[in-house]
Amino acid sequence: MLNTTVLEMTKVSKAFPGTLAVDNVDFSVEVGEIHALCGENGAGKSTLMKIIAGSYNDYTGHVYISGKEVDLHTPSKSKSFGIEMIYQELSLAYPLSIAENVLAGRMPMKSRKKNGKGLFIDKDKMVRETRRCLKMVGLDHLDPMLPIEDISQHEGQLVEIAKALGNNPCVLVMDEPTSALSREDVKRLFTIMRNLKNRGISIIYISHHLPEIFEVADRITVLRDGKKIATREKADITSEELVQMMIGHSVNEFYSHADHSINEIRLSVDNLTRNGFFHKVSFQARKGEVLGLGGLSGAGRSELARVLCGLDSRDSGTVQIDGKEVKIRNMGQALRKGIAYLTENRKTEGLALRLNLGENILAGIIPQLTRTGIYNSRRGFGILSKLVKELSIYPPDPLRIVNNLSGGNQQKVLLAKWMASEPKVLILDEPTRGVDIGAKMIIHQSIERLAQEGHTILLISSDLPELVALSNRILIMRQGHIIREMQKSECTEESVLLAANGEGV
Amino acid sequence: MRKLQIKDKQQLISTIDKNRIFILFGVIFLFMALFAPRFMNVFNLTTIMRTMSLNATVAIGFTLILVIGQLDLSIGTIITFAAVVGLGLKESVGFGLSVPLAVAAGGVVGLINGILVAKAKINSFIVTLGMMTVLQGTIYTITGGNSISLSTPDAFAISDWLAEMFFPLLTPRVLITIILVILASFGMRRTRIGRNFYMVGGNSQTAWLAGIDTDRYTIAAFVISGLTAAVGGILFAMESAAATLNMGNSSLMYVISATIIGGTSMAGGKGGVFKTFVAVLTLEVLYNGIILFGLGNEVKIFLAGVILAAVILYEAYTSYRREKVLGQRPELMKELERDREAAAASSS
Amino acid sequence: MTEQKTQHEHIVQPEMQLDARAVKLNIFSKFLHTLGIYGIAGLFVIFGIVLQVFGVINGFLSVQNMLNIVDAVALLGIVAVGMAFVTYSGHYADLSAPTTMALTGIVCVQMLRYGFLPAILISLAVGISVGLLNAVAIGKFKANPIIWTLAVSYVTLGVIRLVWVNKQIYPDVMASSQRASDLFDAIYRLRFFGKIALPVIILIILIIIYTLLMTRTQFGAQLKITGAARKAAKFSGINVERIIGAAFLVSAVSAAIGGLVVTSLSRVGAWYNGAGYDFRAVTAIVIGGMTLAGGRGSIIGVVGGVLIIGLMNNIMTLLGIGTFSQDMIRGAIFIIVVGVSAKSLRSLGRDDA
Amino acid sequence: MKKLVKLLFVGLMLLTAAGLVFAGGEAEEAASGAVEGNLEASLAIDVSVLTAADGQPLIKLGGQTRPVPERPADPSALPETDPLHWWDMEFAGWNSVKTNIPESPKDGAIGKRIVMIVHGDHPWTTACSNGAQKVADAYDIDLKIMSPNWDLAVQNQMIDQAINERPDMILLIPLDAKTAPQQARKINRAGVPLILFNTLPSAEAMDYAIAWTGPDDFGQFRILSRLWADALGKEGGVAYVQHAPGGSPYFARCFGPISELSEYAPEITVLDKQAPGFEADKTMQLVSDWLTRFGDELKGICAADDSAQALGIFEALSKAGREDVIVVAAGNSKVGMDLVKDGKLYAITYQTAEGDGALAVKTAADWFNGLEIEPVRYLPQHMITVEDVEDFYPPQW
């Protein structure tokens, strides 16, 4: 492998009003390497990558591509140097066709001359080219003219990747590309990445998932507080060291293994069905129990949760709480019956980003704070300050706009919202997705405490260590059915994963 | 076999849905052709075309505005503004210069709108609402409250020429409109620039990341909206040989209704110029028929409202339905069907 | 447990975020941010006083003149404070307000034959039922508010004109008794203490009720979250369909009351009563600091916006500026005020994009 | 599926084409078959016995014309306060050069077909149409009324449609003075006789019409202003609440009095003039502001509308306790007449809506009957004051 540097950044800084997001960072990428970028939320990874992708026109410092200094002030400029980025949140235009999304900004034109600039779009070529790109990510069965709004979310994520690959990049930036993907898709993605690497394409890979990083990366760079801490070869670093560098001090253990006492049955679900989403789901959960729901993305876990809390309607089956059958038609009723649901989409469904911390935390308990028709948010102040302290939400200012908080603190606010409502059954859907390790620990401890206090927790998580560590029992869902129940003793990351893939005993 | 049928049915529904404006047009046209007195003759149909010309021209730009997900409430006053500028300057510089100036004036207003929306990032509803007030004041000020008429032989000559039927259904003004519609429709569908407008409206973040200068496209859309409104206005004024101070006022609500009925969504990224054009024609045929039946404006307003409401409700209801089934797993639906069949078999 | 807790406090680090206080703002937006819309109103008053001191205008600073301003905008205020709920819920505007006003007015005049009180009650019910149409279509089915209310306004207008065949009807002709007619006439003309007109009293009552409704009730608190983020509100157990529907109902109630006032003022029930109050109300609401994105602003702010419009008209007429130029100035001030306040919100990190 | 849609479309096209061929020829024949004795029977009909809803005679001909002064060389060069500045507007049509006017068939008005195109829906228009219908019924004329709802494009379309129907006569209220010439020209070129009415069009439009009939806005306001000036003692400050811009009333109801009083009562000063539109609350704020600004200087207000505008004015006056301001206004709506009866409005002009429509149809009938038609026919001029207001009840609209 030629050891030449394709991308080099020296003394790069980027300031936001009031803060330095990237502070004097040196960073380089070799030809044909997979370079992982690690750091907690708010460490500056995404900002650094956005600089490379040309999202900012006011960064300082120098960027060299193949040894030549360049300005990356617009996305099109970056693209012209062969830099492509796959974003964490889907950046697709929903009403438009797959083809137009994949070929955004480089639609093939009809032209008499070869490579000449034509006026009209060459539709045949467009379809052909899109098929080629889709094939790379295994989506060749999709019609390129289908609008994005008609395909599923994880297909959307793959389209996003196809879009970036189709541009024949020389540097590919991937910002948490696996968060919405199933295990098979992740495997396929890693194969694609290795192929690209072999073709001499450099990949910058951002992930919170340490096993993934150790699986694919060649080198690892750690950022903290906007500063670069170190760049190491994969072989030279252990997982513990990496974590230490990321959070600045050592942690002894990720998860505690508390043992929950088993009490009477709180939630009993019998033959619950939503046509086309999940069929004949039955299970029971006890007081003080953390019941894990394992499975691949798209197995029907979130859909089950949505029906349990009344966001979607059910087609058949019954739900009982404390032995009494409940019929829940909307989330307000669910809350009154004692079921709360922490959604996996923090930014769109979880939080009102433009409102402040206090308003968000109290959003679910407005009826309780209303007495004789008068709502007084001050009544919630006690709960509010208790939760802010308990979850170490920073800054502890109830008037702070949630949009200006870091991802970890946003997630804590979301959890606080549901802790405030004191639910009998709390459904947590990916409670730590995209969250830094510090926040993750606090959230885990809160979950354990809630269980100890007698709440029933339904934990949906794709983070296997988390699922295994926190759950008393794990139900495995696959393609809309519960296929297995695993007791704590038989749960390991491996066994759960195998079960979720329909393998193992 | 069974699966195929379901697919065909869905396809049929989606095809009908996509082409509903053509069907609506067909139904209304047929009804009028069969029942409205004096509807089916060259003269009346040409009259419809002539009346449609103004709003169809204006609707081109407005469709573009909706496609990029914005709103332009100032088109009505831009029509008047262009008419006033074009006819007001004719005395001093002649049509050769005043007409381009009028069109340019519309473009400049659109440019200001666009810059305020794209660069100053003010909501387009607010910008264009303010612009509407500003322009109305400007129109009154530059005219001193006086409508403008051109009663010179050359002005009459141009007016007659614009209004004269040279081919069944076509007058030069109608032809200009149709050419603009075809150009815009083709451009929006078949060129990269056109598709980029859809991209900006569908998801401006994506568009920007794909290297599309969204600000420039937003500004361009407002400029085009200003230009088409101005072209519509000045042609209308030239054919009328006069510019009144509120000649464009009724166009705003008309064009909004027609564009929506034509299937362009307020959310952006969807719709098309040709469909809007057919929607304008549909409304025009409907209104013409209502007059021919001897019915009053109250019927016209009521029917327009009902059609608009029905279209909006239908659209809202479909997306409401779609949301309900979004993410359904086909294999589970198959399983359900198997179960049902099994149940049916066992019971019989 | 306690050990772990101390550990957390270690882990929590000063994180990266926008510090609102460090953001550089220009003087005007800082001013706007701290004083709100009343700052601008105050500027107008100061401007007026300065003009008066230098003798350019006279009579500006008098009780009567201030009362005149309030009187003149009372009707606009009644409509705007109601429609503010729609804007607050993130649904831009209720374009059906003008025809709701007309419908309420003409129905009331028609029903005066059954006495004053029945007429008022029936007509208010009819007006509110228009709001019900909006509530269902927009709350339940998520129809686009602008075009849906536009369609409703067409339908309502069509109904009025079909039923009353383009005629206008007079309260004193329709009324069963002189008393009913006089009472109807008094809706606009009754004055307390010989100075304060009934519409102003109605407006004040509405301001109090609506402010309480928006800030002190479950509905208000849930409306704020619904307006700021509809999905998040739904996932917080808020019945967003009902909340949004209720916002449109409040708007319809206000428009219906406004319809009675405007009809009493013009002494005719006709389909054109209330025309133009849709956009005028939006102007006042937006100047008053409510953003179209929803969830931000207050009723008091909207009242400030209404007062600014009144002050602006007053000063311009006192200065002898012609009707036409007034339009230009009004439009420009509207764009500038809203633009600057949007910019200051953005730079404070309080509004996305 | 796409094919099906395309098929549907092609089918429609074919249908259209067939329709074009089928109806492609000329539209219907002009109706009127001359019946023996029709003319005599028509001439014998006496419409002067008809009355309007207010009990006044529907048509009062004769004595309404007034002396037309010599046109100055360049009226626009004169100041706005000079009555002759407004010559072109005020006396539009008096010196028109009639072009291509059809000959009267002189076979009587009975059984003729007339299309009347008004400007838009309004209670006034309804009354006007009623008046026209009364006269049409008297002559057994088939009258069809179209209303474009204040939309110029629609009015143009209706003119096309009317021409297509080949009536014996078109009666037209132009939406705007300035759009009238081309509209009139179009009808004229189609060979359909035309009478314009109500809205005073540009002078050029008169060339293509048989006549114009309607209210003499300038004349009425000159009389009104003298009455007003007398009540004011020919001195003091006055202000004008104007009509909406874009038509002759905007000028006639403001500059008519201004130019008249510049000679008749030069001591009267114009303090301000504004066009707040026809809304009571806006007018109220305007007048309140005037009262603040001018105080006791303001002695009189002249309004272009006696309903909403007048109500706004009196709300403002009563709030300020100013009973002394003398207000005059145009039109005789019910609201305005009630105000006159209450002694609030000093005087209003008599603007008969029914008479307006009736006069147009009557003039058309006269033309069919072969009578001589003067180029301009005015409605009766009259000022309603508290003395005779009772005679005009019940109101026409």
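As written, the chains take the letters A, B, C and D, and residue 1 is the first residue of each chain.
One rule holds in what follows: contacts are C-beta pairs under 8 Å (C-beta built on N, C-alpha and C of every residue); 3 or more make two chains touch, one makes a residue touch a chain.
Quantities reported herein were computed from a predicted structural model and do not represent experimental measurements.
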| item | value |
| --- | --- |
| Other chains in touch with both chain B and chain D | C |
| Remotest chain, chain C as reference, centres from CA atoms | A |
| Winner on C-beta contact pairs when B-C is weighed against A-B | B-C |
| Centre-of-Cα separation between chain C and chain B, whole angstrom | 30 |
| Chain centre separation in whole Å, for chain C relative to chain A (CA means) | 41 |
| Distance between the centres, which are taken as Cα means, of chain D and chain C, whole angstrom | 38 |
| Of all residues in chain B, the ones touching two or more other chains | 140, 145, 265, 267, 296-298 |
| Junction residues of chain D, two or more chains touched | 121, 245, 275 |
| In contact (per the touch rule at the top): chain pairs | A-B, A-C, B-C, B-D, C-D |
| Residue numbers on chain B that touch chain C, as the complex places them | 71, 116, 120-123, 125-127, 129-138, 140-141, 145, 253, 256-257, 260, 265-267, 296-299, 301-306, 308-309, 312-313, 315-317, 319-320 |
| Touching residues on chain B, where the partner in the complex is chain A | 190-192, 195-196, 198-199, 201-203, 205-213, 265, 267-270, 324-325, 327-333, 335-336 |
| Sites on chain D touched by chain B in the complex | 1-2, 5, 8-9, 12, 15-16, 19-20, 22-24, 27-28, 121, 144, 146-147, 149-154, 156-158, 160-161, 164-165, 175-183, 185-186, 202, 204, 245-247, 250, 275 |
| Chain A - residues contacting chain C, complex | 16-19, 21, 42, 44, 225-226, 247-249, 311, 330-332, 334-335, 340-341, 343, 348-355, 359-360, 362-364, 366-367, 369-370, 373-377, 392, 394, 401, 403-406, 408-409, 417, 421, 437-438, 441-442, 445 |
| Residue ranges of chain C in contact with chain D within the complex | 57-60, 62, 64-65, 67-69, 71-73, 75-76, 161, 165-168, 170, 172, 188-189, 197, 262, 265-268, 270, 276, 310, 313-314, 317-318, 320, 322-324 |
